Amino acid sequence: MIRFENDYTEGAHERILKRLIETNEEQTPGYGMDEHCEKARGFIRKECEAPEADVHFLVGGTQTNTTIIASILRPYQGAIAAESGHIATHETGAIEATGHKVLTLPSEDGKITADQVKELVDAHWRDASPEHSVQPGLVYISNPTENGTTYTKAELEALNKVCEACQLPLIIDGARLGYGLASPDNDITLADYARLCDVFYIGGTKIGAMFGEAVVIINESLKKDFRYLIKQRGGLLAKGRLLGIQFETLFEDGLYYEVSKHAVDMALILRQAFVENGFALRYDSTTNQQFPILPEYVIAELSNNYSFSHWEKVDARHSAVRFCTSWATKKEHVEMFVNDLHRVCIRS
Amino acid sequence: MIRFENDYTEGAHERILKRLIETNEEQTPGYGMDEHCEKARGFIRKECEAPEADVHFLVGGTQTNTTIIASILRPYQGAIAAESGHIATHETGAIEATGHKVLTLPSEDGKITADQVKELVDAHWRDASPEHSVQPGLVYISNPTENGTTYTKAELEALNKVCEACQLPLIIDGARLGYGLASPDNDITLADYARLCDVFYIGGTKIGAMFGEAVVIINESLKKDFRYLIKQRGGLLAKGRLLGIQFETLFEDGLYYEVSKHAVDMALILRQAFVENGFALRYDSTTNQQFPILPEYVIAELSNNYSFSHWEKVDARHSAVRFCTSWATKKEHVEMFVNDLHRVCIRS
Amino acid sequence: MIRFENDYTEGAHERILKRLIETNEEQTPGYGMDEHCEKARGFIRKECEAPEADVHFLVGGTQTNTTIIASILRPYQGAIAAESGHIATHETGAIEATGHKVLTLPSEDGKITADQVKELVDAHWRDASPEHSVQPGLVYISNPTENGTTYTKAELEALNKVCEACQLPLIIDGARLGYGLASPDNDITLADYARLCDVFYIGGTKIGAMFGEAVVIINESLKKDFRYLIKQRGGLLAKGRLLGIQFETLFEDGLYYEVSKHAVDMALILRQAFVENGFALRYDSTTNQQFPILPEYVIAELSNNYSFSHWEKVDARHSAVRFCTSWATKKEHVEMFVNDLHRVCIRS
Amino acid sequence: MIRFENDYTEGAHERILKRLIETNEEQTPGYGMDEHCEKARGFIRKECEAPEADVHFLVGGTQTNTTIIASILRPYQGAIAAESGHIATHETGAIEATGHKVLTLPSEDGKITADQVKELVDAHWRDASPEHSVQPGLVYISNPTENGTTYTKAELEALNKVCEACQLPLIIDGARLGYGLASPDNDITLADYARLCDVFYIGGTKIGAMFGEAVVIINESLKKDFRYLIKQRGGLLAKGRLLGIQFETLFEDGLYYEVSKHAVDMALILRQAFVENGFALRYDSTTNQQFPILPEYVIAELSNNYSFSHWEKVDARHSAVRFCTSWATKKEHVEMFVNDLHRVCIRS
């Protein structure tokens, strides 16, 4: 069984493993106060061209989203997000568990627009009794989105502008940020992210690390006491060095970009194969997730040797499915798959 | 600088590192549904003589305590704990953040007694209007305690009995469980824990693993939907295999016991050295934490080469301090320290 | 200015005032343990033909919804409701503030169907990883709905059936329950409510009382410790007798039905006037709320002497507006309004 | 049975009842936006010499404490209070239910000192890892305290000073504020309260009103969006006018002070009677609550005709009990009690 079901099926990039072994006997202070974390922070600040940014390391995505959002909102405020946003759908109500509503916007492709945000905010304040509704308190997007699509720099600038006008922090879930950076369509740099949003994070779990998400806080007013929140939400890893070592390795000489590019290259091979075999794509993704719409019999055939996830029923005979590649995807597996796909399609 | 400041200053036991490397390229399903987790569960169930137990793996202690407690209590219930308990003091109010009060009992040495629990519960129900106070909903202890002390089997049986009588689940924070098992005073087995409490966990972070806590749910009525809670609280590690692999290694052939014993052996050498030099011990610990009361000038001298933590001011010229050993403590470091301690004491 | 803007513009029915005066100097125990509460409970149990029901009195609707829902759900569960449901829109995220998501269903008229509930629940359990989403934990409806529409007994029975099949408690927000009972289309009795749902409440605030909502808990398993929750959520009125006295008066000899009927009679006069003047109704309501779609100039004219609420823009020249009647609506005001409406319509 | 068990055994002062009747048919906007509320706000601002203060009306004390505290704290902060404080003991964990720990200080008489606050705050910031503990976020006191004792102006000024130095808002629970103002020992005015704290409230429930607490927000930075919090916590009364009318009546011409004085006068008669009969007082209260230590046989005798509350067992043969007077206490009842007390004491 070759797994394309998600982008965390393997352990970690070999250079990270190597570094973990080399540093294993070092004695360091706990909770992210060690030198590896400090060095990793430096590398990230540099990439972001944000020397004043606060950088914190957490273990996983749900934890990171919850901690960031809880650090920003007052109790009666909510987070604006696409209805398909991770915080709206796949975190078991973690945001609600911190007391906050997710205010959802309809979205066909996982993205939301500046106009949508503006209209939701305006509608709130137009209400004669706004205090009877949840007040919009921040805007959450992820890039790439749950559907593999990406924002352009122009779209991000428009969101930044509307957020400033509405006095709403803009936060970006970057669990797959590297795969966005590596997209052939991408025109956004880490420095742009730092310039255009208030808080974002750089995902490691899905991109080369064993685990780990690096939170970058740009907005000065959101920096205060963030470590209290990490600790309270259970995200302050005792051996914080493990996070520092991983992000140090990913960012000291471009490994993060390199492995991201590999994953996207592999995904584009898959994409081409689906298109060449005449299959439509549910979303127009040029990142590491691909969503072909396949006939059920093709799905059944492929499932014998490959794992991938069901996305949605399209009609009686077709479903959209999701294939993920990652830093760890082997080219020979992709080629084997492409061959098998051709074979299945020709045969039928 | 040689660090005795806590028991998580190094990475992980070499056998765990080795296993992580060997398995690194395996492709596994996420979120703890892989074969390594399944095997680790089997080993733990066997050690606990609890074939029906549910076993879940989480990353860290605060997260684990919060998740267990949130899974048990109704909104108006609280957790009974020693006033020095970890959930009462060192988790930034994580329990309160899930809506629950910690109902504290005074404790000199970190332990609470069955009688104390009974009296607190009785007092609640004696009240003419109990619904105006937080209802006791469970009993939380840790073994060893924050002070390195341990419960005897008789004490644990008494707590079990009173908890049953009061219909309160008994949960045990085992972040340092191995160091308790390895204490020369210990008369409790893992099977005893499984027999005498409702939920407990076996700490890995401080005992050989990079990170990880294995939750063992014994009480049938507390098993339902626990994974939802893990996910909601941000504790469901994407690459759950990392936890499975570590606990598999720790429990397949006794490594957990072996490294625990090493740490306690090292601690007892420290203990003896303090006693021989005429220093009192703040708590009578036979586990991996030692709390000597030292003159300030001794503390100052030792601090040049060793890190350890300030515990409390005892009088104008003395403080209690904490030394931790761990699975990773090197015997030569301990011997060096003992020599240095003698030297400092003789000189003065 | 004559107010049709909501159904709580006046104080309380004169018989309630009278009873408050008569009983004012009585000394009673606090928190609902007095004889008036006990008598009121008896009357309500009798009307509901539910001698075993628990009856509790709370002050207002948001508080009541929050308390009921918090008493039922486990932390990772959510409440299914219409997207226009009060808990989804007009309680400032009170449900989320207790940690729970509102799982919304689309609704044109404020009602949800048994089929919709079934499909949402089935979709949750069909998911390969249901623990990544909020688990449906109860079904919330209000009757009448926010749009003045009502469920038929058949629809309620269907909901009851699907809830039983899915093991979800069915709770009914009855803030305007009396106005539903008084609708000419109604075929549901209080006894039916008690038979078909797990918890419901009988609104007093909008129906004759100064304030107060009577919660009726039918399901045995949901009765435990409800008073703790009322107290914790700030809903346990010190002078609980005030609630007892009001519900005693409303239910000892049918006053509740009588004043409800008056309000609906007044609303139906308004309805007829709108229809006769050629206006469409946004919702087909036969309860105390009417939602005509009026031209902006008619709205402007009427606004000089009458207050009512803007509901939604329908097109460039029309808006739906809401008129409420209540137990306190004076017939001469309604007639004056009808005349004014005719005049405005004729003139233009 | 004559009731001294609490200070909310009767309905409301007759002038309040009268006003409720007079205004009953007025039509007003909901939620505190009516003219009665506005007038009441004006009276209160004037008494407080705080023309810029925000004044909000809520129904009960627990709700008010919870709403104020939730409006101030960030998620990882706690409220400093006496261990006997109402929020620490008698609100079923309502503060914890909003996610916040109550940080308790020992107290013999219900009061806390500026020095205690300073020491707790200093200890937090002295900690090498403060983010592992709950951060002190505000100071809560009540005046009078749960024990009937009162703060002097000098003590309040000292608290104000330490709170400013520590940048902690000082909030005062004034559920019995009037009874403090009426104490013969009192040297604090409403204007002093407004000058010396950030938020306080003026209790109506126990002092003449049917129900109601008037929150006065002095600190500009704490005013924002308070109505959202009231609504979310279920405290926004639909017929807000009921609160406005009551506080208007209490404050338009000094009724609040007048009824408060009556209650304290009655309490001092009780106090004198206890002292004259040789009984010690558990707390030195000159407000409306008295805590005599009585022999069990005296308690038993008196219980035949009077209700009062058990406070605590003092020794095998004595208990402290609590007697409350209120605005509604009848002088003849007090005199009857004094006679009965003498009789019981003489007989034995």
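Each chain gets a letter, A, B, C and D, in the order it is written, and its residues are counted from 1.
Convention: a residue touches a chain if its C-beta (ideal position, glycine included) is under 8 Å from a C-beta of that chain, and two chains touch if they have at least 3 such contacts.
Just so we're clear, the structure is a prediction, and the values are computed from it rather than from any experiment.
Participant: By the touch rule set out at the top, what is the minimum number of steps from subunit A to subunit D?
Facilitator: When the steps are counted carefully, the minimum from subunit A to subunit D is 1.
Participant: Quick one: which chain's Cα centre is the longest way from subunit D's?
Facilitator: Chain A.
Participant: Go through B-D and C-D and name the pair with more C-beta contacts between its chains.
Facilitator: C-D
Participant: Hey, how far is the Cα centre of subunit B from the one of subunit D, in Å?
Facilitator: Computed value for the inter-centroid distance: 42 Å.
Participant: Centre to centre, by mean C-alpha position, how many angstrom separate subunit C and subunit D?
Facilitator: 34
Participant: Among all residues of subunit D, which ones touch two or more of the remaining chains?
Facilitator: 75-76, 91-93, 97-99, 131-132, 228, 231-232, 236, in rising order.
Participant: Can you check the complex and tell me which residues of subunit D touch subunit A?
Facilitator: 31, 70-71, 74-76, 98-99, 129-132, 135, 225, 227-232, 236
Participant: Would you tell me which residues of subunit A are touching subunit C in their complex?
Facilitator: 75-76, 78, 89-93, 96-102, 128, 131-135, 309-310
Participant: Quick check on the complex: what are the subunit A residues that touch subunit B?
Facilitator: So the residues of subunit A touching subunit B come out as 1-3, 5-6, 8-12, 14, 17, 20-21, 23-30, 59-64, 66-67, 91-94, 97-98, 205-206, 210-211, 228, 231-239, 241-242, 307, 328.
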